[in-house]
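This is the structure I want to talk about, given as structure tokens.
Chain nomenclature is as follows: A, B, C and D, assigned in order of appearance, with residue numbering initiated at 1 for each chain independently.
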Amino acid sequence: MKSFASDNTAGVHPDIMAALNTANQGHCSAYGDDPHTRAAIEVFEEHFGEEIAVFFVFLGTGANVLGLRALARPHEAVICAECAHINVDECGAPEAFNGSKLLAVPTTNGKLSCASIAPRLHGFGNEHHAQPKVVTITQATELGTVYGPAEIRSLASLAHGKKMYLHMDGARLANAAAHLGCRLGELTRDVGVDVLSFGGTKNGLMFGEAVVFLRPELAAGFQYLRKQGMQLASKMRFIASQFEALLKGDLWRRNAAHANAMAALLAEYLQGLDGVRITQKVETNVIFAQLAPHHIGILEKEYYFYRWDEARNEIRWMTAWDTSEQQVKAFANRVREVVSA
Amino acid sequence: MKSFASDNTAGVHPDIMAALNTANQGHCSAYGDDPHTRAAIEVFEEHFGEEIAVFFVFLGTGANVLGLRALARPHEAVICAECAHINVDECGAPEAFNGSKLLAVPTTNGKLSCASIAPRLHGFGNEHHAQPKVVTITQATELGTVYGPAEIRSLASLAHGKKMYLHMDGARLANAAAHLGCRLGELTRDVGVDVLSFGGTKNGLMFGEAVVFLRPELAAGFQYLRKQGMQLASKMRFIASQFEALLKGDLWRRNAAHANAMAALLAEYLQGLDGVRITQKVETNVIFAQLAPHHIGILEKEYYFYRWDEARNEIRWMTAWDTSEQQVKAFANRVREVVSA
Amino acid sequence: MKSFASDNTAGVHPDIMAALNTANQGHCSAYGDDPHTRAAIEVFEEHFGEEIAVFFVFLGTGANVLGLRALARPHEAVICAECAHINVDECGAPEAFNGSKLLAVPTTNGKLSCASIAPRLHGFGNEHHAQPKVVTITQATELGTVYGPAEIRSLASLAHGKKMYLHMDGARLANAAAHLGCRLGELTRDVGVDVLSFGGTKNGLMFGEAVVFLRPELAAGFQYLRKQGMQLASKMRFIASQFEALLKGDLWRRNAAHANAMAALLAEYLQGLDGVRITQKVETNVIFAQLAPHHIGILEKEYYFYRWDEARNEIRWMTAWDTSEQQVKAFANRVREVVSA
Amino acid sequence: MKSFASDNTAGVHPDIMAALNTANQGHCSAYGDDPHTRAAIEVFEEHFGEEIAVFFVFLGTGANVLGLRALARPHEAVICAECAHINVDECGAPEAFNGSKLLAVPTTNGKLSCASIAPRLHGFGNEHHAQPKVVTITQATELGTVYGPAEIRSLASLAHGKKMYLHMDGARLANAAAHLGCRLGELTRDVGVDVLSFGGTKNGLMFGEAVVFLRPELAAGFQYLRKQGMQLASKMRFIASQFEALLKGDLWRRNAAHANAMAALLAEYLQGLDGVRITQKVETNVIFAQLAPHHIGILEKEYYFYRWDEARNEIRWMTAWDTSEQQVKAFANRVREVVSA
């Protein structure tokens, strides 16, 4: 069965697999004290500047939870979009492990704005209220939309003005950068992001994410948080070598751009089709659409994808680094047939 | 300066003080193994039935956090009103200590309904989502409104049908019962409440609240949660004897009814007054009202009260067991003068 | 039945009760913004110096857990005596709420020393190990023994030299000061203690303890920890006024000295008695002794006291501020009879 | 530089690497709903019986922490050896994330016994004490020693008799089974182990461990604990396929037996050598030995290994699945030279 379910149903890009095979030579010191890890960190520095601190972890939930743990104590609160991965898809890990309250802000397109978070920026100094300390945004958002650099800078300025931090869940930062044609630094360090979860798994890695501190002083003690947070890989070279392969050249951008292009292609094929109402801008590698329930039911028998909002008959179709044009065309044709029947 | 700030600015009712003085005789076993505690529990049984388990704690936040801790594990979620005390006034304690996610539901009057919580009753069995396990309601609500028995029963049925629990923050349950003319059991055990925080401090006690398990099997192990939760008083007799004095006769109802009557009186005096817009039904011992900002400013120099919602120029005036008719009249007259000037 | 079980089986000293009655006048701002709280803090400043921060809480477990929470993050460890209250009598609260590892050091007399803690002062900078951050001592210890000022200063120097803190559980600090004839400051601020739990309940209060930051910069944000930690009393005046009465004159010392004297008297009566082997120096208000099991059994039917170590047939007898000479004599005679029978 | 530091400095066994390459075909459902995961679980069932529940996680700390989280609530305690990985090498994760107190028992050889844990089996029902709920053992131990089946069964019986659980950290269970010539089930399910952390990384995997519930009813809700515990891999097929390759045939035993044999060989070469005092039985893939400090210093310049106990001049040499006979001989010769110089 074909899948438009998620970019994590794809496998590992051949270049990444090759890097893993190459890294598998002899003994290496464990826990990151090895040449692969040093090399991978250097590649991060090329993208994000030299004044950073990089910590590899296993998965995105780990990157988010631990990055936020470094920024907020349990009596401090984290402002996020209601649809944020940390709010709905991490089984309550931020609350359970960090103890921090999440202040969830409703959005229409997955994006926070200075206006929408303003009402949560209150109660400072009042001991009865959890103290707002972090604003976290997802880039690209869970709805596939993209923050422009100016939008990020505004949020950063607002946060910093309140002695708060700006955190970015960049599980799909590569897709956002590919969409905007930016460097990675332009969407992060240059516009005031303090700490970044940088995603690899969804962009062709086997496993592996990175917590990137763009203000390295915020990383003080983070090595303990990572170990305690069950995210310190003993055979670290096998995360590091993947990231080196991803970021050394432009593989990160090629993979992301391809996935984006496949979603755009699918959207193009479906444009104007009665029975398919696309509900969000298609800026990255995902399409949200409303279809009649019985059409959803038919398509589900042949393809994997998510029901996003049952009440609204809204589904999510996602492409990956390995989605082919042919798969998109076949799927688009099948959708067309089903909704036209 | 006079206070309409809160019912916890009042002191201790003389009968309660007398009980404390009486209890201060000789040695008593610590931690609740004493005759005062046994007597107080018996009085609770008269109100709530014999099949209960009662645990005295120091304060309302402790009662709420520990009661919820008994009901939900960290991967389970608690549905509450957005304005609930546990959501806004406990400095994130439920998240920090229980690890549970709170799913905050917007309300207009502080009350949850089956309709308003329905959208949060989803994701059961999906490992990515915190699992809804408890619905918690506040009676009377933080906005002074009261759930009728039928409303509570509906919420309990909905919760129980999903294998969830109904928890009640009854910091002002006495005020609700006084308003409705009910027994305490009619608003709790008889209508499906599983665990109750029963308030004392706001109703004339020096300190002390109780966690009342109306299904005693839910209390298994709660003695450890209370001790670990820093709520096990060594000289327990001094909480127990207060509750015995409050609940043995009708002091609980007299105190609450008086506070309610004083708020009603204030509302009556202000009714129809230009410049004071009462925003919630006055059912218990609190009035919410909108006034012009400069009127608020003048009144604040003479009386203590809370600015509830700065953006809406909404203030909160609260009465207590010891608020006098004369104080209400004087205050009403002053408000009248200020807004009419 | 008479009790030599604990100093918390005693009631409230009449002067404290009088202070509570006096404080019960009219309305007072809640949560510590009141004249009683201000006055009580001033009295603390007289004892401990003006550069302190004082926070009242409900109970000793709360004082200890929150004081340690202010000093150590979850990846940091707390070195304590194996018999420390935080290690054995708080139902795991430090681990459960603070997340900190306790490194328990065996002792013969309840006291830590520089030599005994040295082996735990390692692993600094190693991300696999919880990082030692606090040394906590109990004064007087759980075994009734007392640290002299020089001993405390040595521990403080060692801790500070490792960038660690010295915390004191002073549930019975008054008893230690009475024993040594010192001021309270001589055993705390003057010798390098950073944070103190100052006990009231065991020395004649109804309830109430204080977290005293002797380096006030360590108290940053503590108001949130207290509220979140379920230790912020709304009617704070009723804790504050008790402390004011205890510490304003010498009631704290009289109560403690009396309790100490009663234990000394009991020890004197039992000295040299075959069948009673006193196992710890009697420096404060407690006696540990070994008796034959059947003698313990007989005495238990008439008096409350604790079996301290079943395997060693060791029991604990404790006196309180209100233990009378007559009670001591009667008990001593009965012990004498039983063991001589 | 050659390494006798740890079995996690080795790379990935070629058969495991081949399995990873093979698994990298097309799309697969994420989070374990895929044929590789199903196949791997079947292989576990062949080893441990069909009545089990298996959950793959990223690393050993994750397996231990989450397995224990399933067994003990925060007011319950876990009895472990003082040298246990969970006690010293997980940076306080069990305390920080589970909230459970660890009761660490001193050992001479890394092994718990019924006699050594008996003193910790007390305080049941006393609300002041964390309640013992789990005994956890490491097989092979951190000191390389091995529990025989009868020893495990005794501990299981003792634990079960107290309504407690027996947990096993089996990071090197394969090495223990290779040493004893047992099946994996003989050391776990057959002798009463309730929950097992089964190790892969140290035995030739790239990454990946498994939490194996040998009483599947204990796994209720564990899917949420895994997700919330940041251990749910999206591309799960890449953990599962490694385990399938490891456990389908006898690769697990060959790898472990080889590592064991290399340690035995090294021990043999060093036997009777003046200047090297082997301190623990060499039963698996590790040697503990005391050497003169300056000899340690010389060897450290040429080989990686751990200083285990600085105070005792004790070092640890560990072999892996890929350690060669030639490497062992060369190292043994060098040690011989150094200590004989």
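Remarks
Throughout what follows, contacts are C-beta pairs under 8 Å (C-beta built on N, C-alpha and C of every residue); 3 or more make two chains touch, one makes a residue touch a chain.
Just so it is clear, the model here is predicted, and its values are computed rather than measured.
Any chain that touches subunit A and also touches subunit B is listed here: C, D. Among the pairs A-C and A-D, the greater number of C-beta contacts is found at A-D. The chain with its C-alpha centre at the largest distance from the centre of subunit C is A.
With centres defined as mean CA coordinates, subunit C is found 50 Å away from subunit A.
If you average the CA atoms of subunit C and of subunit D, the two centres end up 41 Å from each other. One simple way to say how far apart two chains are is to compare their mean CA positions; for subunit A and subunit D this gives 33 Å.
Touching two or more other chains at once are residues 74-75, 90-92, 96-97, 127-128, 130, 224, 227-228, 232 of subunit D. The part of subunit D that touches subunit B in the complex is made up of residues 31, 73-75, 127-128, 130-131, 221, 223-228, 232.
The part of subunit B that touches subunit A in the complex is made up of residues 74-77, 88-92, 95-97, 99-102, 104, 119, 122, 127-130, 310-311. Remark: subunit B residues 2-3, 5-6, 8-12, 17, 20-21, 23-30, 58-59, 61-62, 65, 90-93, 96-97, 201-202, 206-207, 224, 227-235, 238, 304, 320, 322 touch subunit C in the complex.
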